[in-house]
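Okay, got some structures for you below.
Each of the next two complexes has chain A plus one more chain, namely chain B in the first and chain C in the second.
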Partner chain A sequence: MLKIENLHATVADREVLKGLTLDIKPGEVHAIMGPNGSGKSTLSYVLAGRDGYDITEGSINFMGQDIGEMEPEERAALGLFLAFQYPVEIPGVTTTTFLKTALNAVRKARGEKELDPASFLKLQKQKLTELGMDADMLKRGVNVGFSGGEKKRNEVLQLAMLQPKLAILDETDSGLDIDALKVVADGVNALRAPDRSFLIITHYQRLLDYIKPDVVHVLAKGKIQKTGGPELALELEQKGYADFYDEAA
Partner chain B sequence: MPISNETRQTVAELDRKYEAGFITDIETDLAPKGLNEDIIRLISSKKGEPEWMLEQRLKAYRHWLTMPEPQWAKLRIPAIDYQDAYYYAAPKNIDRPKSLDEVDPKLLETYKKLGIPLREQEMLAGVAVDAVFDSVSVVTTFREKLHSAGVIFCSISEAVKEYPELIKKYMGSVVPYTDNKHACLNAAVFTDGTFVYIPEGVRCPMELSTYFRINEAKTGQFERTLIVAEKGSYVSYLEGCTAPKRDENQMHAAVVELIAMDDAEIKYSTVQNWYPGDEEGRGGIYNFVTKRGICKGKRSKISWTQVETGSAITWKYPSCILLGDDSVGEFYSVAITNNHQQADTGTKMIHIGKNTKSRIVSKGISAGKSDNTYRGLVRISGKAEKARNYTQCDSLLIGHTCGAHTVPYIENRSPSATLEHEATTSKVSEDQLFYCRSRGIPDEEALTLIVNGFCREVLQHLPMEFAVEAQKLVAISLEGSVG
Partner chain C sequence: MAQAAVHSFKTETLQREEAMPWLAPAAVLGGDNAPAWIAALRETGAASFAATGLPTPAWEGWQYTNLRPLTPEAFTFDAAGDVAAQDLPAPLLKDSHRIVLVNGRLRPDLGTPLPDGVKLTPLMEISEPEEELATVGSLAQSPLLALNCAYMRDGFVLDIAPHRDIARPIEILFMSAGNSPAVYPRVLYRFGENSGATLLERHAGEGMALTNLYAGIVLKAAARGRYYRFIDENGDAVHVSRTVARSHKSSDFQGFSSVSGVAAGRQEFGLELLDSGISSSIGGVYMLKGRQSHDFTILADHFEKDGTSVQHFKGVIDDQARAVFQGKIHVHRPAQKTDGYQSHHALLLSDQAEASAKPELEIYADDVKCSHGATAGMLDTDALFYLQSRGIPAAEAKALLVHSFLSETLEKITRDDVRALYAARIAAWLNAPVEEAAA
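Here is the complex of A and B:
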């Protein structure tokens, strides 16, 4: 599914990722934990193809293709999805319009037929029901005036609509109270499938109480420092990241 | 309004640069080049006008000679050689067609390319089109239906002959020939346009629409539109404009006058995509237009909605004189400039009556090396007790070589008036584009989506027929402005 080898990446000429290697198989849920400044968000942007995040060495292989040089929209069409830590507001564009434009753009890029309005609305309604979300959000401008919880729920709704192969959740738990966290986690869990993988990037362990990972990695100083099972997350919660600063220093 | 992928696809299939940039090969009846009293006499006689009309034209022309060019706008306008243009051009083969079947098929083909198949429209009903091809009104559909409602919808030349009393009474009553140099030129040489008269208590049974088109090289187009809505009547009027690609600049100086009596409402919508010139700023239309409406009666309402995407230079301020007590004026505008286009556009709301209200929503979008200025005046006279104005001006910048300017003028002499003014300037952010792209939306489509969202408040005031066209235009106008 996703194979990252010896990845080095720079942001504004500063090397942030320094030889990161990662292998995610279909259906697996991986968590990457790490202290601030370890390169967590950089990793998510490099994977999604944001301008200004340059790969200087190594490779990213996704669904059997080297995606290092691909545009963000091409990666999305291949089935890569990034749930943003800070979802962006787009005034005047309703959430439903945004969803429809995105879904049809992806379908078109894959050579599939665009959905007619009736089929789209039906699908949208179905996903909303499955996620237990309120239709009110659809009529509002994308993320405009949304609470922190609503923004994250909107990310999960987009995830459900676009049905990606790999979903990267970048600090999805930040800014959420416990109830919102549960809603978001339930949404993600409902989307777990044998052919869909997740990469959960988080600072804290608490999200992992609700979304059980198969593999946990510790990222520090631009590299994976340690890999283990769910127990590793609990260990980090108790000990903190101090060990890895020392090891990596 | 969602911009669908179907729309995107349609847009992609169109000529990438300027879809209306074709020239119809039809023999044209041209008056000699240049401007003088003989040309004006010729225009008047070609139109078979009565003597009084010719006198008015000559009076305007003589005044025009003494008037200076307006210099106050933030525009760089090259000196205009008024002698190097034709002031009358009419397609030759057409001599007052009685029905569509008599219309030159090439003309109909042209309209088809512009997306207004008259035949279909006639069958599908809904929109009555008074198509103006250069200077002669070619065909007017739906006459019958309007006639039975008592609505007059005809070319202004016809109106001069058929309804001289109405024309004498109202033409020039809102925009006098002395108003400004461009309006004055129009008063002297106007060649066609539309006259609409809605009798008392009549709700016009359909949207009225005129499609103006400049075809002949080096012709100026000077239409004149006059709409009179009697007590308690309602009319919605749509105007669309395109012109073919030419290297030289062409001048378009139109005048529009609206008159609303007690409880009458006029809704006037424009989608303007005259040829904007090429990427280097060569060619393009000079769009110097004077549009003004008067809310003469109590509780009357005039609403202007415009989407301005074309023209090399736009100089245009659709305005409302709120004379009647409790009358309402509205101005909703989207102005998009790209490459070397310049726009200086806005409105004037003149509050005279008591409890008059006005609302201004202006959305300016600049890209490329263009300059986009909102210029608006809100004037509240001492008599206008409890007048209210709300103004919102938003500017959106794409790239870093364009300019956006907001020049609001507020003059208030009424202590009980309430005025609100909000203005914002923002850039299409890299965050927004990346967010869309990460969801699979390609960059140009993402930009179109963001810009359409920015304009939404205005676009939703357009009638359905135009809203779709306007969205297509937003996409076309912004091509090449990302990356």
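Here is the complex of A and C:
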């Protein structure tokens, strides 16, 4: 599904990723944990194709295609989805317009028919209810005036609507209280499927109590330093990242 | 006699050589038996313009807009413009009434009957003008208005009878047609006491044309006037206009204008809040590309207490286009408890696009609330990436952001159908293929 090989990437002329290799198979849930500033968000942006994040070496293969040069929307059409660590506010564009435009754009790019308004509204309502969200937010500008928790839920709502092949969740747990965390985790778990993979980026082990990963990686100094099973996350929770600072230094 | 009026300005001591070619075509007005007050205004206007010529960037209020590259030879005054009913654009709204002017001349044959309570009087049929028609303010400071006076002929007064609410909108269609017409329309819209009506003033036509409009608007006590302008010309049209809304006690004025297709334009709006308890607002959107330029120059003049004025403008500028916004709130000493609000926001889509803004407050009363805000910025790249990451193609994402940016100005428009007309113009501009406008 996703195969990253020896990825080097720079941001603002600084090398942040320094030879990262990762292989995610269909249906797998991988977690990447790492200290602040280790390059987790950089990895997510490089995967999503953000301007200013440049690949200098290595490759990213997604769904059998080299996506390194693709526009963000082309990657989305292929089935890549990034839940942002810091979701962007878009005043003036209502959440429902945003969802409809995005869903239809993705469907169109995949050669599917646009959803008629009634089916769209039905789908939207269903997902909203599942995530315990207030229908009122649909009429507001995207993420405008949303609390931190609402923004994260909105990311999961988009994820549920767009049904991607690979979902990257960048610190979706940060800023959530325990109840909200459960709702978000339930939403994600409901989407788990044999042909859908997840890359969960988190600083804390907490989220992984609710979304059970198959594989856990430790990212530090721009590289995967260690890979293991769920027990690795628990170990990190106890010992912290100090080892990796030392190891990588 | 009218002949004499045209020639008399040449005897004025102060004449600028470059002004004269602008006035020469006015000679065709000679011998048209205009009423004395019109002949007098022509004379005054011509003399005033002869002394000034077009404003230069050295003029107060004209730093950013230079009309001097305009040459009178490029336009034909009194151009024949034969337009048949089927050449007219479809009405803006169904169930509306229509007044049509072609190259500044009233064409009753192309319009629709007006409803009870609405009266249209051609200027040339008015022998004793009311004050609102004959006084125009200082011509020396308004060369374009002076020029409009010099060519005064075939405008009209539209009266909404007191205490009448005209349900259906009235479209006033100014068509330009034929060989590069120069048109100097003058109109007066008068809302009688406690009356209400919606006017849709539309400027349409293909190709080169010069429109120099003076529109007076009078709102008698407690009148409710809605005035929506659509500048739908495209290509090489030049539009300059001065619009003055004189509001009387407790009246309510709402104006809006959209412009996208002209090569160059300047719309001046004056809101005069002459009595107490008045609400008066003007808003607009502009969408410019190629080498287009446009200027909104606004003055809200508060003379008495408890008045509210709003100026709310937004625009988007691409390529090498240029936009100007000059807005002023003037609060005179008796105008206590004034609420004055002004904002202008420009979105620049290219490195070479240009926005100039000059907000001004002049306040002589002590108990007032006035605010102004002006910004010019590029598209939010974070928002653009966010939309793209959800699968929305860059061009569509950009259009969505621009559309939402601009359509915020429409929120205060009370009629849904009118709001939709403006939204459609924004959408049309965003979907139009990029073309190089004439230099």
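Note that in this section the second predicted complex is superposed on the first by the 248 of 249 C-alpha atoms of A that agree within 3 Å, B and C clash if a C-alpha of one lies under 4 Å from a C-alpha of the other, contacts with A are read in each partner's own complex, and residues count from 1 in each chain.
Here is the rule we use: a contact is a pair of C-beta atoms (placed from the backbone, for glycine too) under 8 Å apart; a residue touches a chain by one contact, two chains touch by 3 or more.
Small disclaimer: the values here were computed from a predicted structure and weren't measured.
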Mind checking chain B and chain C on superposed chain A, clash or fit? clash
One more residue to check, A:I90. First (chain B), second (chain C), both or neither? both
Return first, second, both or neither, reflecting whether A:E114 touches chain B, chain C, both chains, or no partner chain. first
Per the contact definition in the header, classify A:I200: touching chain B only (first), chain C only (second), both, or neither. neither
Is A:V188 contacted by the first partner chain B, the second partner chain C, both or neither? neither
Who does A:R50 touch here: chain B (first), chain C (second), both, or neither? both
Would you sort A:V218 into first (chain B), second (chain C), both or neither based on which partner it touches? neither
With the two complexes superposed on chain A, say which partner A:K100 touches: chain B (first), chain C (second), both, or neither. first
Would you please give the residues of chain A that touch chain B in one complex and also touch chain C in the other complex? 48-51, 71-73, 75-77, 81-82, 84, 87-93, 97-98, 101-102, 105-106, 109, 158, 162
Give every residue of chain A touching chain C within the complex, in rising order. 48-51, 71-73, 75-77, 81-82, 84, 87-93, 97-98, 101-102, 105-106, 109, 142, 158, 162
Would you mind writing out the residues of chain B in touch with chain A in their complex? 2-6, 429-432, 434-443, 445, 449-450, 452-457
Touching chain B in the complex, chain A uses residues 48-51, 71-73, 75-77, 81-82, 84, 87-94, 96-98, 100-106, 108-109, 114, 141, 158, 162
Chain C to chain A touching residues, read off their complex: 380-383, 385-394, 396-397, 400-401, 404-405, 407-408
